[in-house]
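Consider the two complexes below, in which chain A is the common component and chain B and chain C are the respective partners.
Our next item is the complex of A and B:
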């Protein structure tokens, strides 16, 4: 069964993609910045962020959350929710905060921040794995349709 | 303080990351795994400082910040200084009642690479520990000056090739033994020092929480494999830490109040150090016949150190 990769409608998606560098922002040059400058991570009150999910936060345009490193990838991990047991191994070891876990469930991959390192695939314990690497240009539906069968234990 | 539940990974995963993606660390870099783990260990406000190094340059690329907390960077060597000054300022302002929220719990944390911790920032680190500031210092030990092209540091082990200890026909790589930073920091009279590894996420989280909860300066050395300079595939970062902890190249232990040593992890099957060395390009040359004796030396050093740790655990000295 094909699954939506990203069920989460991340609020900041709209201004992802270095929009600030494309003219959304009036930036001082590196030689114009004055000492003691502060780049706020959030617009407005930031006292509660530990208790807010990403989609509930008001990220400022200075927060790297609003940027993307998607172009670093050659291969991308594809997530198959049907095999996943929500162990959260991928969440704890992803170096790029790109595993979208909510309420103890793994929901998908944040493709704006994933660099395609493949660690999540390595640490996934299911058989077959719930995450596998495909070409960046692979169609997710087709990738899921080609998912391998459960591997039998080899007889010794 | 508000520590988060680390009972199991599912509960731990309900924490909301305060370290954001689109930083520019290499794919597979362990630095960010360790930082995420620390930040997910507590719900308290955090004031974090960083020495110059891969973590600092990659998470503060103008005009972006990857930190959802207060974060300060001054120079290569003084994360300990800037965070201890912040901690004193916070203490004084709390006393005077001039903080915006006088009741909010705040924790102070400094991150430094091994170059800045073992070498260039050591004087500042030592000073902050002697002054007994209430903060936690975490060393991201990738055993080289990664951010400037992989020079040797006093954390680089014997036999590793680096850009300033190049292995070849006349050299097996670095000649000197790695500095025992954990003992050095314990000797400062620190109430809590430890060495931890990200593959054992729960032990690492437990150690971080202990350090955050303990009053006074706490030090944690963390193993942070660097795929770029250690020469392995980015996907293998956790596998490399497994080999590191199970070969006892990186034993996990803590020292409380300078003398009470507890071993935190005893591998069921202790792996030969060849397994760890063989998985990384920086030790490839050691497998040539003329340098095999260096592998034997590394193994015998590990055996001696492990015996010493066990004796210290028993003796409580």
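Our next item is the complex of A and C:
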């Protein structure tokens, strides 16, 4: 059940993770590269982007939104929606904006940008945690099936 | 609204004051500074113009020259007109950030009051700091007196901010000799200067929220080379813009600037090439040599980067022996300036003799007598048809003669 919920529309990824940073672009000649290696984030007028959802924005090919930049991750966080209380702590702390959340509902992880730093796991306050690190190659379903039980308070 | 600062048609200004007045008249938005001798008064004066209401700008004191240039980058990337000043050790600390500024194509103006680099510690003028910046991707102009420090500082904004250029630009003047010697300076009126310099029209400014941009991208072996090549081409291609702005300034002021200046070169057999205050001494020496029957001339490099190879080759074509003067410790090689001139003349039809003199380190004076001696050695070379001395010699140095590298005549 949990796996299905995680796979819902959560990725909002129409334009995300389409390319690899290495060799994903056409390699331009010196006369074609941008002046000062200054890279525009959006195609066209972006005056309104702050009011648009990520999937509605016209990210340019230079923006890492469109690229997969997580190839070197070795451990990945897995999200368990059954335990999560939508406190948004992980969303606040994630240094790569890789926690996907919409209307304060936690949806999942953006695996195209998450580097596996484990901060989200560290700041998660639930018992058991709603985010835990697994091998990059672990099956998410199996990971969720092996989720630990709630820890009982030890009596003194 | 800024208060009007009165300027007379003729003022008695030193090089520092002249440069600071150019910053005021150019209505610089931001100066980020960490003052250092002998360039301190440039930024200090700007600060006082802001404090006294003569400019509507920001003067930001930071903790080091590294931070000063970093602040300039932020202000320039935001779209402002930005300038600062430094010297010597401060310049050295800025070097890392100089490459950032040029790589990001930010039109920052840096007034460099040239001073020797320690050790041993020295506050006097030589060109060690200027040479340290020669591969940094900045345009480099050399002023030989206070008037030129003012004129070039004004023109530098036009060159740097021009959309076909967009490169940071340095204006060099000799520490103390130019920076602290009060001379007659004929400034433009505030109105004329403001009109000449105009208002900056930024590109990719970070305050343009309709087009958010990333500055400071990382590029590895698949992209870096192309970006550096584009930057190099931009420096080479700045030449017509520089020439056009020099011409426009001449119309306005009557003062003519060229990327290389030449004096008495029409029929010269021998010449001295240099830059900075030495040029004026060399011109006096050349006149005296002419009185003694030697056809002596002087060539001065106004634009150190981009280096004027073609113009140099043209002006030196009929010269027989050339003395290139380098005011920086060459560290086990020919002087950098010698190498540039030798590269230009190597490709000429006439292939004149080119020799190298290291002089004036740490502010050591070079006298008219020294320069006449150099002219005489060039005449001896011209008469003999080969370089009669070692190719590189130190001049006006105590102790045994220091020189190296001979022509292979075997």
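Going forward, the second predicted complex is superposed on the first by the 120 of 156 C-alpha atoms of A that agree within 3 Å, B and C clash if a C-alpha of one lies under 4 Å from a C-alpha of the other, contacts with A are read in each partner's own complex, and residues count from 1 in each chain.
What we mean here is this: a contact is a pair of C-beta atoms (placed from the backbone, for glycine too) under 8 Å apart; a residue touches a chain by one contact, two chains touch by 3 or more.
No experiment lies behind these values; they were computed from the predicted model shown.
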| item | value |
| --- | --- |
| Touched partner set for A:104, first chain B, second chain C, both or neither | first |
| Partner chain(s) touched by A:91 [first = chain B, second = chain C, both, neither] | first |
| Dominant contact partner of chain A by residue count, chain C or chain B | B |
| Which of chain B and chain C A:149 touches, first, second, both or neither | neither |
| Chain B versus chain C as contact partner of A:45, first or second or both or neither | second |
| Partner chain in contact with A:30 - chain B first, chain C second, else both or neither | both |
| Chain B versus chain C as contact partner of A:69, first or second or both or neither | first |
| Common ground on chain A, meaning residues reached by chain C in one complex and by chain B in the other | 27, 30, 33, 39, 41-42, 46-47, 49, 62 |
| Residues of chain B defined as touching chain A within the complex | 9-25, 27-33, 36-37, 42-45, 59, 61-69, 101, 104, 198, 201, 233-239 |
| Complex interface listing, chain A residues touching chain B | 20, 25, 27, 30, 33, 39, 41-42, 46-47, 49-54, 57, 61-69, 72, 86-89, 91-98, 101, 103-104, 110, 112-119, 121-123 |
| Contact set on chain C toward chain A in their complex | 103-106, 166, 203-204, 209-215, 217, 219, 222-223, 225-227, 229-231, 233-234 |
| Residue ranges of chain A touching chain C (in the complex, touch as defined) | 22-23, 27-31, 33, 35-42, 45-47, 49, 62 |
